[in-house]
Structure formats: structure tokens, C-alpha cells
């Protein structure tokens, strides 16, 4: 990926967008937020039984990573982070599509969105 | 590839091919005839190998053949034999027709499966002893488990499932540790300050393994013993054996006792001792103590058995104790006695299992309280029974005696203090007369339990199970086929008893070499022998390997 | 500590301080002879091997007869012919012997070389006069007894007959190996071989549980002895570096020891060398049925009588004597061995005699008398009189074989009846005259009636030795007392069974004929007493073969008196001459002196050692030998008279002083009833078997059962536990696979948290270290 | 660019085929519809040969591409054989009975397309040299499998399996994505080589280490390592056997390749020929637990698929040993190269696991449900000798029974583990092999020996011959590759060549002065402070 971007010189590109480096003091809050998002997502995943909410929680976790990527990209004065995030968004969208399809399918069978309705396979 | 090498290969490949042929035959009840013919025919290459073997060079690997198999792992299909291997191969080949013939009427169902696996087992056993490559040895060593597992699981008696699983898992667990230990040695030798090359060649490994530190050797020894001691089986790792023996079909028991247990002692002789000579020397007393406990303990257990097969099975534990004791004595007498024991135990205990099998076919019980006093009804059977029991007791003139006496002497004479005092018959390792005294009680105990067995099963008033009715195919006493089955063993027993020196001569050179190796590794004063030259050569090799020029590992030449 | 103190009480007196008179010379001579044999191995004539080979041939032929279902007496004739040939070969070996021992090798057996050391034990034979002596009576008696057995075993013609003679031949072979072997392993081979044959023949009537048990007992008890022997062999090998006689007896170290021992100085002989004798001794005790290992021999009488006669009276049981005689140099260098041998022999002699007095089974009485007589032989060995021992072996072989065969004739004729209360006046019955007379000869010999019996001479030699050897007078008195007992119990048998009113009850073989363990090939109609029924029993008088053998043995017993006089001057009799040129030639100096009074006894050197206050060689103030004639002769006559009084029948022109008018009513009964528990104890063999069972067998059996359970529960249980542990763990963690999505997520997160925490701890630790 | 393309030719062929398959799968004409798997097969064959001539790259594992892609294409071919008839079975029957084809109800197109996508993703994983690429490749590998599980059967259990797989998979993906983000943050580059360069030069910062740990843990979901293994048995059981076979091979291979790349950035040389202690400890514990948990839980199962699922977990544990051992010294021989051992083991594992699943897939009950219970395979060697023997051979190989292929694979792990000094782990591996023998033997004995049970349910061969062929090929491979193992081992060895990053100058383009941060804010967290690599 990097090679593709190299042609344009990613550092220059980034510097055009962000003329000055982002100091670590500024980076830290972003990372905290991102970590918090990740944690919230995780905790939500663990605690909520509704499959849609659970999926949203994973989305939250994805976006937490995205936030961190952007912050790091900005920190490093690179476009790589942002590039990454765009792909992450695509993947997240794909997953969302799949998730919704799946959830709908499941709902048809059980009339329930609870994840704990599905526990026939165990042991 | 010389003609003899082809024959040696034939000993492994022909049974495999026949096994395939049997396995692919349409009729599930075929197999006896091809297996019988094959096993008899295999005697021809076997005898040819004996005839062509140069016994004056007994320690040299002869008829060697090596072809690279997995080069990256250093794994070669490398076979050959020194005189010890030769004798054990002969034992395996000899037992072939015997077990096939013994199974003719005993196996009534799924003959195809039975004889196919019997043939596979035959090939694997030859492979174990012929292997000159550590991993090849291990492969064959492990591979014997599968046929035996099938034989027990499919053709065993009531408790066969548990017996087969215990047999397989116990030995398999142990041998995984053995593999780890072996790999460690190979890795050690592959270090740049050693050979610097990854090799699985047993002879090469032997030259360098003694450079391992005491701690390393101890661990390696433990790892190897984990597999071999279970296989032997050494007390307290023996509990699988009575079960396996009891449940196995007759042929299985015969092979188990005759050859498979010897894989353990052979492993100790061929690998544990030369590859960890210092540690083995250090821990020889402990090993000997275990073997002596086994001798006495298993012997006493035999004495209170009512299941005759279990009795003989425990007697194997007791007997193999002598074998390990001889190895632990680490001297010429001990090694010779031990190897002799490997050979002779196969004959006499194999014979006993056959006797029990023949009886079981007629009475369908192994309980000595139910059946007994058979001498009046089956005199020929009883004669053979007494004969094999006496061979097993260690009656001089029969096979048990030379090996037992050598093992006991070896333990007796390995007294460091005596050796230091210049006793002419002493050897300076760390057992001593007390070991022989306690092990010697095994002689008395053996007489106790074997005569107890013979007294119950052969003598006394005739006792038969209430629902007993004569076998459809078998005569009351032994049939001609059964007598022919037993005769080679009986003749072997007498021959080994009267001509041990034939065997001793044959194995003297490899045994001497091993002893010298142990002595050198432990800094003992060694009697000058004709193998000194070889060791000097090894030293030279070692020195040259230690020079910086040889540091580059050859395996590192990749790309 | 205990053993040490025990040995101190049994320490051996140095036999003589003057080397010139004793063992230095003998030692030197022996060394030269042995050296010669060692330097010229395999120098003897090959036909000597015939002695060993012929019995093997007999064994093989008999096995063939058995295989082909022979139902005639051919096995017996084959055996007799072969054994007679072997005897002739032995005789020619004797005649052609030129004074130097030689070896003959059949083939290599053990040949193990390593470095400059070697372990060599070939299948070869060492011929010296001791060997010849033993082989003469072994093959001779074996031939005779085979002849006897040809008739005795005739009710078993068929498989059993073949089996009997096969084992018989095997026995002779084993005995030949034992006696003729040129190394200790050959001796061991023979030793165990005779044990096997003994086992097979005791268990001949294998349907009888008692016979099977007796056979088993014999083998196992012998094995205990064998263990001692084996260890002795190993120690010999370790200490002397060889187990071959010729090398061993020429061994310089051994002769240094002998010379040291001759001066009474045992402190420089290493313990290893001294232990050899103690270990070999155990073997000898086992095979020769000495206390505490004698218990098998009385039970061994379950075997057919010819077996009892040959194996358990005449030949095999003397193997222990042979062993000690053969290894006499080694016994001499052991401070405690010979005294122990002497005392054990004495105790055994007395103990067995007391038991023998109270038995009612005549074969058992003979068995105990055998044990007792063996005790005499051991005492003789312990008293440094190998000649006495060997002479007693020889005479005992003849008269005890005779006694057994006579008893066997009775047993054979009365359907297995052996109870002396149920037989009476047998000698007066028709056709039993020869048995009666020969039995009388045998009894007289066993009792040792003075001058007219060979048993007297041999026993006298031993008793005299006991009195003249310093410190052993106590043994002498015990042995004299035993001699009186011997005379009593011997004639007790004779008086009750052979004389008196004629009466006989058949034995159990008559009533339950089928129970008698014949081979299954047995043709019942051909059985000699198959047509008998309990309502009218006719004893079956012995035939010509039995009678011939009895007569020959009786003659031999009487004729062997002459052996005491042949070569008396040089060697104290012919047997002495045979012993003199062998490793057993260390006879006691006292014997020579006491016997011939060459030296003034008062000039004897004082004896070193803890005992020796009594002036040697004096009994009742006269010469020991003369005294012994008096004492033992009178004792024997006294014993006979006592037996006659208590057990003898009434009257017969005043010849018998007893009062017995019926078969089982005698004066002894009343006394026995009033004597309290003692007779009961003696009849029950002092409960030795029961004591053994209680202190050895039962505990061992209990231990075995405990081991069995340990094996089953503990060891196998551990294995099973380890096999089961994974399942237990799996069972524990299986709930984590609940099937609930959220549960999995929580488990994953939780697991990761724990994992990361552990890693953190590890990192902290390693980081701290780094 | 051309260089990149040269590597990507196999993926390109596969992608083209994928597009075709999507269309042909929906085609009303039966003949063209049935062409679908053949197109896949052709694409895989072409990809196989294209991979053969792939050039080496400049990355950490310059030679891995040809071997890995050939492996993927080869095993992919076996899986393709196995997939035949998985979907549209009823629909095709209806069509045969004269009903019109309804492309709405047909799953064929997407099923094969998803399969091809997944294989493409897997190949892309093998050629990844960038975090973004790696992330996308991993997602491309796994996303289609979620759907494949769901549509593999018409039963509810497939849905349940799919939902568990998907949700937990998403969780895993989020996790390793977060890890990737932190790695990127610590190294300032998404290029793996550059990351390795940075780590080699400046050491691994705390944030980098946390990123690595999180990434490793997240990816370990793919290989079903403890504690990320929970989904495995349920998903395998719920999915149809062919799909389960695919799940056993494809994500595991992807996971191990990704782990190799990720760990490669940290390097095996940092801690004296070891991974950094944090990673090593994590992996060590993971390996030990994975083997043990997998094996012991398998003991309790009665469903063959669950047994295989747990065995799949255990095999991941074995392979983690190779990962811990690492590639050994540069240019070192095969025996000390854990990466080579893994690559070889992946091959052997793929072959033998496909073989076992093929047997299961070839058996069905009267009502068309798949064979799963252990009693279903009872006496198989008698009733279906070919399938029975396939099962026996493949299971024995999985047991590591010498001299079968699985044994050689295990020996490689043994040697590399011992060469790396991981003795305790090797002992655990040995003990686990023995525990595993217990349930493998149960399978063997059930199929081959114990046929005397009266409770044997009726079981029939499924009508799809290709599945049987897949099994037979696997069994033959297990037997014959054993004899000719050397080229494979050598291939794995060559592929495992590892070029560790050489520490450059401490300066780096995205470097900040350390003091600057310190001065700025007392609240600056440790994480941030250490970004700058002291």
C-alpha cells in the first residue's frame, strides 16, 4: 500500500494538510478516547444481549481503531493512517451488511434478537 | 546394493507386500496360507544372512544400505545390522511362522485383518532392529504399536478395549518423551562445537553424545527411559503388560513377550547407554534397584495369580528385570547376559504363551481353579508346559540359565570397591553383590510361581470347566501342527542352553565396544581390546571436529 | 553384628601349627596336580564322555518310546543296559586312572573374554579320584536300582514307565555332570538338573496332590540352597577370577590362604574368600537336606521307592557332601564355615533321629534316617574328616538304598501300605524271605552294629574324629547319642514290620485303584494287583529283579567293610585313598594320629583357638578309636535291645524280648501315652513344617497378595488416574463451552485478561532480572 | 508495480474466476451452472502454476509466496472437491424434476464465489507486506466464510454457527485492528518491513508491544488458540462438513501467515534468539493451553466434527511451538526452523483434515443430514472400505503416528522447539500427543475395529463422488507424500527464509525529540512518552 502512495510522497501530502506536527500532548487524548471507545465497545459486546447492539458495539471497536489510526497518522504526519481508516470503513460496512442479513435471518427463526437464544451447539 | 542387503530389505518389504495382498483379497477369511508360506519363506533370507554375516566383525554394521528419505530432517532409510541386531532379527523372523501356525484355529473371524497385521508387525519388528537411523528406529519402534493395538483390540478377549488403549497410550506417551530426548541428542551433536551437522546416524551420534554434560545426559536418559522403561517394562511402569498380555490373542502375546518387550531393552542397550553413558553409569544403581524390585515384586505377584496368562505376563516383568539388571551392570558379562536374555526370554515365555493359548482354545478359560491337572489328559501338552516352565525357571542346560547367570554375575561383580582392590573378577561399576543377592531371590521366586503354575495346571486331579466339550477341530492333546509350532522354540531353548557361547562369541565385539565406550566416557580404566582402535579413531574425529575449520555446520550451506 | 557374634561362637580351630605335618604339603601337591590339569586341558580320553552321554541317550530313547506309545519293558532294559555300560566305563576310568587329574571337554559352553579377563565354563569334565569314587557308586547303584524299578514300576507300563526311566536317565546324566563337571557352572548344571529330576520323580504320581506339593517343595527348598551355591560361584569367580577347578585349585592366592589358615591366622584372608564357603555351604545344606533346609526330603518320599532309594538316599543327597569335599580348600580358608557345617550336621543328625523315632510310615522313617546320616557326613566334613564323610557316603549309599528298596518291596507288595502299625511278620510270609534277610542286613548297617557292619566302620571314623578334635567333644557325644537313637528306630521298623505275628492291611492303592496315578496309557488288566479286591487281599511278593537287587546290595553293604581295611596303612582305607588325591585331601591330622598312634598324643602341639582345653584324642582315658568302638558299638547294641524290648514280638524261642502279639500293640504305646506331648511333637516333626509355614510361607503369601493389590490399586490406579486426569480437567472446563455467544465473549475477554496479567507478571520478573 | 503484479498473478486469476463464477452460478442453463466448480478448479490450477513461478520479494519472508500459494491452491483444490453438492441440493433436484430454475433461491453462485474470495484472501495474506493489506486480506478471507457457514446447510445449527462465528470473528477482527493501529502508531509506518526496521533500530516501544500483543491475540482467533477458541467446535459442528474442512484450513493458514508477519516485525532475535519476552510468554502460555484444552476437551466428545474441531485447536497449539521457536539463525538448517516446520505442518494438517472431513461429508443419514456422531462411522472400514481407510489413515496421520505425514510434521516442530530450547513446551507437546492419541484411536477403532455394536445407525454414502475423491486423494497424499516428503519439506524450508530487519541509524523520519514531550505536559501518559522509543 505504501508503495502506491509513495509516488505522491505521502509525507509531503500530509504536510500540506497538516502543516505542523501534532504534539504528543494532543495525541494522548485522542488515544484515550480511542481506548475508551474500544473498551465501551467491548463491554457493550459482553453485556448486551441484543444482537444488533452487539454488532454496533463491534462497530464501535472498529471505529476506535479508526480513531487511533487517524490520530497516529496525524501524529506521524502521514496519510497512511487515514488511508487505513478508509479501508476499515469499507470493511465495517461490509460487515454491517452481513450482520444485518444474518440477524434478520436469525430473527425469522426465533423471533428474538437475543444472542442467548442460540445455544444448541455446545459442549 | 549387495545381495544380502536385498535380502534384508526383503525381510521388511515382503511381509508388507503380503500384508497388502491379504488385505486386498476378497474373502475376509483368507490369510492363513499366504501368511504361513511367507513367514516360512522368510527363513530363507534370514538364514542366508546368518551364513553371510561376518561374525569376526560383529560390531561392524553389515549389509548396510542407506537412502535419503527426508534430507532436511536428516532422515535416511538406513538399515544394516551388527551381530546383536542380526540375532534379534532372527528371533523376530523365527517367531513369524510360529505365531502364524499358532493362530490357525484360534482365529476364526476376520482372518484377513489378522494375518495382514501380523505380517505388518513382522516387517516393523525387523525394521526396528535393522534401523541404523535414529528416527527410522523410532518410526519402526512406534509402528509396532499399531498392529499390536489392532490384534489386541480386535482379537483379544473380554477386556480387550481397555487393554489395547492402555497398551497403546502408555507406551506412546513414554515414547514421545523418548523422541524428545533423541532429538535433543541430535541437536546437541549438531552444535558447531560438536559435529556441527544434523545427523541421525546412530554410530555418529554415539561418538559425540558422551560430550554432553552430566545434567544434559541425565535429562536425556530420563527421556529415553520414559519410553524404554515402559516398553521393557521396568517396575513401576509395568501395569500395562499384564493387561495387554492377558487380553491379547496368543500370537499377540507371543510376539509381545518375544520381541516387543525386547524393544525396550534393546533401546536401552543401543541408545540409552551409548548416548548417555555418564548418566547411565551414575544412575545404574537406581535402575538396578528398580529392576530388582520388579524381579521380586512381580515374581511374588505371579505367585498369587489364578489367571495363568496373567501369571506368565507378570513373570515377564520379573524376567525382564534380570535383563535390565544386566544392562545396569554395564560390563561385558552383563551386556552379554542381557542380550542373551532378550533372545532366550522370547523362546521360553513365547513357548509358555503358546501353551496357554493351546489350552485356552480347548477350554476357553485361563482360570487355574477351573481347569487343571491336564497332564493326565494332555500328556504332550503337559510335557511341553513343564519344559518351558523349566526353561523359564532358568534350569541350567536350557536357555534361561546362561542369560540369568550372566546377568547375576554381572551385577555381583560390578563392585567398585572390589575392583579397586584388584579382585580378578570384579568390574568397577556401581552395583555390587547385594544386588545379585536380592535379584537372586528372583530365582527362588521364579521356581515358586512357575512350579505353582505347573502344579496347578498340569498336575493334580483333572479339573475341567463344567460346560466343557471337545473342540471341533482340535484333538484332545496337541495336534501335529501345534507340536511343530512348539518344536522350534523347544529346540531353540536347548540350543541356547547348551551353546550360549555361540551367541556370546557372536555378540562379543559389539558388547565389548559398548563397554569400552562406557568406560571411556566415565574415565574408567579399560582393558585393552580390539575396539580400542575404533575409539581412537573416534577421538581423532572429535578433535578434528573441534578445530575451527570444522565449525561451519554443513546444514547451514542452504542457499 | 548378630551374624558376627554367631560366627565367633563357631570359629574354627587352626588344625595344626606345624606346616610340615599338614596342609602346606598337601596344598603344594594339590596345586601341582591341578596345575597339571590346567596346563593340559582336555587331555583325558574321550570315551570318558560316554559316562555322560549314555544316560542322555537313555533319556532320548525313552522319550522316543513315550512318543511312540511303547507298552513294554523295553525302556527299562534300555536304561539298564545303558547305565550298566556307563558303570563299566566308570570302572575302566577308575582302573585307567594314573594319579593325575585330567579334563575332558565335550564342547564349549560359556566362553566370555573381555580384555585380559575371561569367564570360561565349558561343558567339560574333571576327573580325579573323588569324581571316580562318586561316579562308581552313582552309576553302579543307578544300574541296580533301574533293574529293581523295571519290576517295581511295571504296573505303570506305558507312558508312565517311559517317563520314569527317561527322568531316571536324566538324573544319572545330571548327577554325572554334577560330579564330573570341571567347573562350578557344570556343577551347578548338575545340581539343578538333579533337582529337576528329583522334582519330576517325586511328582511322578502327579494326580496325587500331596506328591505334587512334595515335588514343588523339594524344588523350591533346593532352589534356596541353589541361590547360596550360585552366589558362592559368583563370589569365587569374582575373587579368584575363574570357576574352573583346575585353575581354581592351582590358584596361588588360594594356597596362600591355605597356608595362612594352617597357622590359624584367618585375619589376612579377605572376607570375600571366607564368604565363598559360607555361601556354598547353603547350597550343600539344601541339596543334602540339612537343617534348616531338610524339610523337603521326608516329603520327597511321595515319589516311587526306587527314586527314594537312588536319589533321596544314595546319590543326590550326597551332592552336598561332594560339594564340600570338592571345595575343601575353600572351606578350609573360611574361619567359620567348617565349624558351622559340623554343628549343623550334628543338630540335623539329632533332630532327624528324634523325628524318625516317632514316625509310623516306614519310608518316612528311612527318610529321616537319611537326613540324620547326612548329618553325620556333614559333621565329618566339619571335623576335617573328608575321608570319614566319603566313607559314610559310600556305605550309606549301599545300605540306605537297600533299606529303601526293601521298604519299597513291601510297599509294592502291600498295595502302598507303609504304616508300620498295619504290617507285621512280613519276613515270615511266603516269598518275602529275601526281603526280610536283606532288610535285616540293611538295618544292622544303619544301626552300626560293631565289627560286622560297614556302617559301623564309617560311623566310627566320624565319631572318633569328633572326640579327638579339640573342642568338638560335645559333637561327639551328641552323635553317639544319635547313634543309639538310630539303632532304636531302625530296629523298631524291623521288629514291627518284619517279625512277629503275620498281619497285613493293604494300602490305599488297593482300595482306590483308580486313584493311583498311572499314566493314562495304563492297561488296567495288566496291573499286577488289578484283580484284587478289598475282601481278600493277597500280598504280592517281589519278583526276581527286586530280589536280585536286594541281594546284591546286601552283599555290597557287607563287602564294603573290607574297604575299611584296603590301603588302611596309607590312607585309612580305600575311600581314604580315593579322597587323598583330590581336592578333599585335607583330612584331619588328628584322625591319622588317633588311628595309628604314630605320634604320642601328649606331644601334640597345643591348639590355637578358643577351645582345646581337653586333651585331644582321649575317650574314657583310652585311644579315641578304641573308645569309639566301645561306645558306639555298645550304644548300637543298646539301641537294638531297647527296640526289641519295646517293639519286638513275643517269644520265638526267647530271641525276642518284646511283648508284641498283635501288629500294633507294643510296649512303646503305653510309654508314649504317658510321656506327655513329646511323642506327639516328634510325630509331628516338631512342627517344623508348620513353623516354616507360619513364619515364612504365610507372610510371604500375604505380602504377595498385598503386592498384588498394590499393583492393581496403587500402581495401576495411578496409571489410570493419570489417564483419567485429562478427562477430569476436561470435565471441569467443559462448562465454558456453554454454547452461549456472550458467554464465549466473556470467556475470551476474561481469558485474555488473565493471560495478559500472567504475561505482565512474567515480564515484570524477567525485566527485573534483565 | 510489475513486481507486485508478478506476485499477484494467482490472486488475479482467482479474482477473475470469482467474477465468472458469480455469473455462471446463477445461469439458468444447467450445463453452464454446473460449470461453476470447474471454473474454480481451473482457476485454482492456473493459480497453482502461476504461484510456482512467483518471484521472491524484498520482505521479511522473501520466498514464502510460491510455497504458500501453492499450498493454498493445492489444499484449496481438495476443499473445492469436497464442497461439491453442498448447496442447492434440493433446488437441483427440483430442477431435475422439471421445475424452473430460480436464481433467487440458488446459492451456488455466491457459495463458490465466496469460496474463491476466501482463497483469494488467503493468498493475499501470503503476499501481504503491509498492515492495511494484511487487515484487508484477513477480512477477505474470513468474511465470506461467515456466509458460507450460514448457507452450508438448511438447518438451524448452521445459522447458530454462523452467528457465533461472525460475532466473535468481528470481535477478533476489531481486536487485531486495534492492535494494528497501535503498531502503526508506534512505528509510524504500515509497511511491515519498515515496522521491522523501526523496531530493530529503536527497539519496541510499550505501545508497540501492546499493539503487537493485541494483534497477536486478535489473530489468534483465526487459528482458534486458547482463549479465542470457544467458537470452534460449535462452528465446525454447525457448518456442513465441507465448509468445516475449509474452516479448519483456511483461517488457520491465514492466521499463521499473519502471525508470522506480525511477529516477524518484532523479530526472533531481540531476546537472544527469542521473541521479545512479552510475546514469547503470551505465545508460550497460549501454545501450552491450546494444545491441552483442545486435546482434553476432545476426549469428551461424541460428535466427530466436534472432535475434529478440538483437534484443530490442538494442532494450532502444536504449530504455535514452531512460531515460538522462530526461524532460527539466519540460513540455519531446517531442523531449527520453526517457521518451516509450521509451513510444512500446515500442508500436512490441511491434507489430513480435509481427508477426515471428506469422509464425514461422504456419509449421510437417510434424511440427508450429515454423518456426525461417532456411531455413524462405526464399522466404516467394513461397510465403506474406501472411506473407512481414508479415515483411518488420515486420523492416524493427525495422531502423528509414524511414519505418516503428520509424524514428519510433528518431528519438525519437535526439532525446532528443542533447537530453540523450549524443552518444557516440547514435553507438553509430547504429552498432548499422547492425550490426543486417545481420541484419535477411538476414531480409528470405531471405524476399523469395533464393528460389533448393535446400535449402529443406518448410514449411506452421499451421492457426491467428488467428496470421496477428495478423501481418497488426501489419504493417498498422506501415504505417498510421506515417501516423497523431502521436496515438500525442502519447499517449506525454502519458503521459510527469514530476513531479519537490520538495525539502521537511530534517526527516523517520524521521530520527535524526547525532551519536547517531557517538557510539554505532565499529564502525558506513559504510553505516549514511550512512543518515542528511548
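Which chain is which? They are A, B, C and D, in the order written, and residues in each are numbered from 1.
In the analysis below, contacts are C-beta pairs under 8 Å (C-beta built on N, C-alpha and C of every residue); 3 or more make two chains touch, one makes a residue touch a chain.
Since the model is a prediction, treat every value here as computed from it, not as a measurement.
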item	value
Chain closest to the assembly centre - both centres taken as Cα means	B
Inter-chain centre distance, subunit A versus subunit C - centres from mean C-alpha coordinates, in Å	98
Intercentroid distance (Cα basis), subunit D paired with subunit B, Å	43
Centre distance in Å when subunit A and subunit D are each reduced to the mean of their C-alpha atoms	24
Euclidean distance of C-alpha centroids - subunit A vs subunit B, Å	64
Residue numbers of subunit C (touch at least two other chains)	723, 734, 737, 739, 741, 745
Subunit A residues counted as touching two or more neighbouring chains	42, 45, 54, 115, 118-123
Where subunit B touches two or more other chains, by residue	169
Contact pairs between chains, per stated definition	A-C, A-D, B-C, B-D, C-D
Subunit B - residues contacting subunit C, complex	166, 169-170, 236, 238-240, 243, 297, 300-301, 303-305, 331-333, 336, 373, 375-377, 379, 386, 390, 395-397, 401-402, 405-406, 408-409, 412-413, 415, 418, 421, 423-426, 433, 436-437, 440-441, 443-444, 447-448, 451-452, 455, 458-462, 498-501, 504-505, 508, 512, 515, 526-529
Subunit D residues within the subunit C interface of the complex	163-164, 167-168, 171, 213, 217, 226-228, 230-231, 233-234, 277-278, 281-282, 285-286, 292-293, 295-297, 299-300, 435, 438
Contact set on subunit C toward subunit D in their complex	723, 726-727, 729-731, 733-734, 736-737, 739, 741, 743-745, 747-748, 750-752, 754-756, 758-759, 762-763, 766-767
Subunit A-facing residues of subunit C, complex	734, 737-742, 745-746, 749
Subunit A contact footprint on subunit D (complex, rising order)	1, 4, 130-133, 135-136, 139, 143, 146-147, 150, 156-157, 159-164, 166-167, 170-171, 173-175, 177-178, 180-182, 184-185, 188-191, 194, 233-234, 237-238, 300-301, 306, 509-510, 512, 516-517, 520-521, 523-525, 527-529, 531-532
